[in-house]
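What follows is subunit A paired twice: with subunit B in the first complex and subunit C in the second.
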Partner chain A sequence: MMRFLPLIVFSLIATGLGIGLTLKPTIIPSAMVGKPLPQFSVALLKDGVSDDDNNLTHRDFADGKTRLLNVFASWCQPCRIEHPLLMQLAADGHLIVGIASKDDPTDSQKFLDQLGDPYKNVGLDLDGRLGIAIGTSGVPETFIIDGNGMITYQHIGYIDTLTFKQEILPRLEAAKHATGGQE
Partner chain B sequence: MVAELGHYSLILALLMAILTATLPLYGAARGDGRLMSLAGPLSYGLFSFAVISFGALTYAYWVSDFSILNVALNSHTQKPWLYKITGVWGNHEGSLLFWLLILSLFGALVAWRGKSLTLRFKARVLSVQAMVSIGFLLFMLLTSNPFLRADPAPFEGNGLNPLLQDPGLAFHPPFLYLGYVGFSICFSFAIAALIEGDVSPVWARWVRPWTLLAWSFLTIGIALGSWWAYYELGWGGWWFWDPTENASFMPWLAGSALLHSVIVVEKRETLKSWTVLLAILTFSMSLLGTFLVRSGVVTSVHAFASDPERGVFILAFLALVIGGSLTLYAFRADKLTAGGHFKTISREGMLVFNNLFMVTALATVLFGTLYPMFVDAFLGEKITVGPPYFEATFIPLMVPVLIGMALAPFMPWKRADAMRLGQNIRTIILIVPISLAIYFILIGDYTPLSLMGFCLAGFLALSVFKELADRTQLLKGDFQKSWKRLKGLPRAHWGMMMGHFGVALITLAITASETYTTEKLIVIKPGDSVEVSDYVFEFAGSRPIAGPNYTAIEGGFRVTKDGQFITTLLPQERTYWSPFMQTTEAGIHSLISGDLYAVLGEPDGQSGWQARLYFKPLISWMWWGAFIMMLGGFVSMTDGRLRVALSKKSQKSTFDGGSDSAHDKSSTFVEVKS
Partner chain C sequence: MMTYTYVNSSLSSKTAVFSVIGALLLFFVALTLLVPQSVNAQGLKVLEEKPLPDAEMEQRARTYMKGIRCLVCQNQAIEESDADMARDLRILIRERFANGETEAQISAYLVERYGDWILMNPPLSSKTWLLWSAPFLIFLLALTIVWLRRKETKALVAKGQNMPQTQLSAEEKKRLTDILNQGDNT
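Here is the complex of A and B:
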């Protein structure tokens, strides 16, 4: 019987691990998905400085056009990985709004001058409060905002062609279908 | 192109591994010599493809090929070349590939040097080794392929965590992996022995050097990790009982037990089934360590579950390897008949004693590490098990281990005379603890725990020298004879002495630094000075400096003692940009008597700076202790008698049975020379 003891102890541990594996939700749903964008108003980026006359607000999104909302920063390296794809998407006619997160406007502008600007406009989230309000956990993140200003999807981390095709594009099409196209 | 080459090699390596795991094993069961002799060439093939695959990934890192996702996520063109290379194994996928590389390298080494093994046994060992490789290959190919493409390829990579851009950490994982994987050979030998139903002294002589090798690497790997934490994390801590650390410590504990029990198998042909179980346990702990930390199951169940594919795979793999080998053990262990009997007070008795305490210590660490996860899984509560638990359970277990460690070398095999033993070491028992106790009680600055620590360290260290003096009859005054005896001491004996002396140094360093560290937390203005222990730290001011990929504020502390200049400490507060991260670099100067340690904090806005200044007595001896232990392991490994196992002759038996006993002091560790 003693010889079976190690096996029994290990079986118990393995069972525990197995139960632990099934108990936990595999994807933690984002808190803001399915809710309208929270009320906000931030200055826009214009020629490397903050444009204090024109703001980006939650109202800009409820105009019947489906958009991608991309949170980026010049100090963020994964943003550089996904940037060529964003340029491609903009060229394909997708509307992308940028949020420069905790970044100096000069640096954000340099980043866009260097790599190209895929954004319709860029809001400045200087202190990171907007990021918290819309439920980001880091940079980069990409949201789908439908024509009613609702957040229908949140992607954490950078996007590449594959994730875009598999995870974002179908939802983007669905949002457009439900609340109106982009153009 | 290079990605495809690497990927393709992985697939070919998998084919090789499947062939190695099946054909020779089948041949061994059928007695088919041709199939059995395939094991060697197939193992070389497996190793070759692992080399090509690893080479491909290394090349991709070298040239910063960001079309490979793994490179894009973990490297950067501006990274120093050294960290480009170390980045290969600094991530999940790459570390698995590194594992595979060493796993197949060790298999190939057994194939190459295993001439003294019977064809059948060697075939079985290599098959088992290949089975483990299959697990790693499937894990990589199915869930963690290092050669996935990034589409589109970015212009610049994601960099490496700047905390990891440090020699201490860059070389800490490979040493750990060399340790973990070294135990895979012991595991394969154990499984092959279970299949064969026989454990012989020759078996032990094979397992011993591999255990020593793995154990030495693991020792230095753990020490490097601890040293890194000490100088990089910025508050002078060196061990946190963090799950990641425990994961490397558990195989070390099991391996230390194995190291000792395998000696008993070699010398006395007993403890066989226990030793086989320990070999399985040690490698199981290595697997658990690698996988659980890599997948994050221990730190958080959520991280484990965030990639369910990997989680399920890991669990299935662990269940197969550990569950399978323990099942085999349950049914086959009774084949392993025990040999000679021994009394409780004997060298075997002490080694069993060591094993019991090491394994109990292992169990408490394992329990503390897994407990939060189980509570989270079953009760949904978040708890952490911190240093208080580990200190309360681990330290009491180590006290008898240290005492046993000091006593065992004085004892002969089979049966020892307690009276003689007492006479032999009464001087150090009387002198060391009593003089230390008087000293510390007189100076009045002690705690019961620290007093005990100093006494144990002193007792252990002196026992090593006393035993050496006994063995060389140094105290009899005939120095020429003593010198001859000294030279005649087997290397395994030197290894043991170094190992035990290293432990004494570590005990001393831990006790001294935990008890007598002086810490000053202050706001200091340029020109001001503050006294820490016997040292005066004068703040010279701060200045901005720029490194290759960071900017930093550097503070200068001029340290003097009794007006004598000692050193200038230059702690830094660094800001890295890719990715953004702030780190502290402590300013450290090691003296024999202890470390001067300075950390620069934030400015207070009125020309003052926050600073933390320490004097940590004797702390660097800890790493020297670990270094001596590692050296001891290597010295022991080169012992001629272990190499004897490689020659045909010794296969018969150079085992010296009961020839040595209490009357023959010098031969307790000496074998019949061949």
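Here is the complex of A and C:
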């Protein structure tokens, strides 16, 4: 028994470090997953300016329809990478709500005019507070909000085709199945 | 004469180059002055970071910020980070201090969103008990190993099994005396 002790200790350390290698310490998951959307209210984007009469609030969710909540910005390069996939999702009839993070409304509008607008509506998070409220640590991030207004999933960073097929679509369908979501 | 004109012309071309560089520099300086203004003019809410008016409260806030981890930097407190995200959190924290919230209340808000990760000193919980007790566990393990080894040695000594090392055979004794005698001779 004593003879194997160094080997056992070595194996334990090696396993621990091995697991550590597979972790991504730069990705800090939101602790909001599994919780309802926090209360918020931000102005909507309307023709390149903020719409002072209409807000995007947490009450716009939880109406029995599953939505994607996508945090983007015109200054964000990875957002351009995932944009075609969002366009495809929108074309397939999924509801996507955009949050323009710390972005000039004019720039957000230009971004959407150039690349296409996949969003049902876009909330303006001018000071970044909404991002903090839902637990984002950067842009882009994508959340799935189910029909009950619960955050069921968070993806940090841009969506690539693999994530799209393996993570987003199945979870979106699952959330729709559980809480409704067809138009 | 030729040389002189040559030098002169090269001088004037140098002056031209420098004036172009100068003009470019001026242009960029002008740009940096223009950009923030145009951003503000178009309605982007750029929050300004400034210390709290109450010096004592500012001190409290600063101390508190030393314990809040920056989300986009590796293992740096927001108090010492230049990251945009850290700045946003500092402004948020100052605002909450000014609203009379306590450290615990602000931590509760942050932990609800980012988990214990956001705290530089993760609290003792069902997830972190192993982390906090690791030093003591390792110390106990070391003690156990030392104790087991001593017990093993004692058992061997009792059985007389490690005696051969201290008791020489007749042949070894003879060799030893031979070597010692040789030493005397030389």
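Methods note: the second predicted complex is superposed on the first by the 154 of 183 C-alpha atoms of A that agree within 3 Å, B and C clash if a C-alpha of one lies under 4 Å from a C-alpha of the other, contacts with A are read in each partner's own complex, and residues count from 1 in each chain.
Note that contacts are C-beta pairs under 8 Å (C-beta built on N, C-alpha and C of every residue); 3 or more make two chains touch, one makes a residue touch a chain.
Note that this is a predicted model, so its numbers are computed, not measured.
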{"item": "First, second, both or neither for A:A133, with subunit B first and subunit C second", "value": "second"}
{"item": "Which of subunit B and subunit C A:A178 touches, first, second, both or neither", "value": "neither"}
{"item": "Residue contacts with subunit A in the superposition, subunit B compared against subunit C", "value": "B"}
{"item": "Contacts of A:M32 with subunit B and subunit C, given as first, second, both or neither", "value": "second"}
{"item": "Which superposed partner A:P105 touches (first subunit B, second subunit C, both, neither)", "value": "second"}
{"item": "Partner chain(s) touched by A:A91 [first = subunit B, second = subunit C, both, neither]", "value": "neither"}
{"item": "A:S50 touches, of subunit B and subunit C: first, second, both or neither?", "value": "second"}
{"item": "Doubly contacted residues of subunit A, that is, touched by subunit B and again by subunit C", "value": "25-26, 28"}
{"item": "Parts of subunit A lying in touch with subunit C, wherever the complex brings them together", "value": "2, 5, 25-26, 28-32, 35, 49-50, 102-106, 126-129, 132-135, 137-138"}
{"item": "Subunit A residues within the subunit B interface of the complex", "value": "3-4, 6-7, 10-11, 13-14, 16-21, 23-28, 75-78, 80-85, 88, 115, 160-162"}
{"item": "Subunit B residues within the subunit A interface of the complex", "value": "66, 69, 72-73, 76, 150-152, 154-159, 273, 277, 280-281, 284, 297, 301-302, 304-306, 308, 311-312, 315, 318-319, 322-323, 326-327, 329-331, 333-334, 370, 373-374, 376-378, 577-580"}
{"item": "Subunit C residues touching subunit A - in the complex, by the definition given at the top", "value": "39, 42-45, 47, 71-72, 74, 85, 88-89, 92, 111-115, 117, 145, 148-149, 152"}
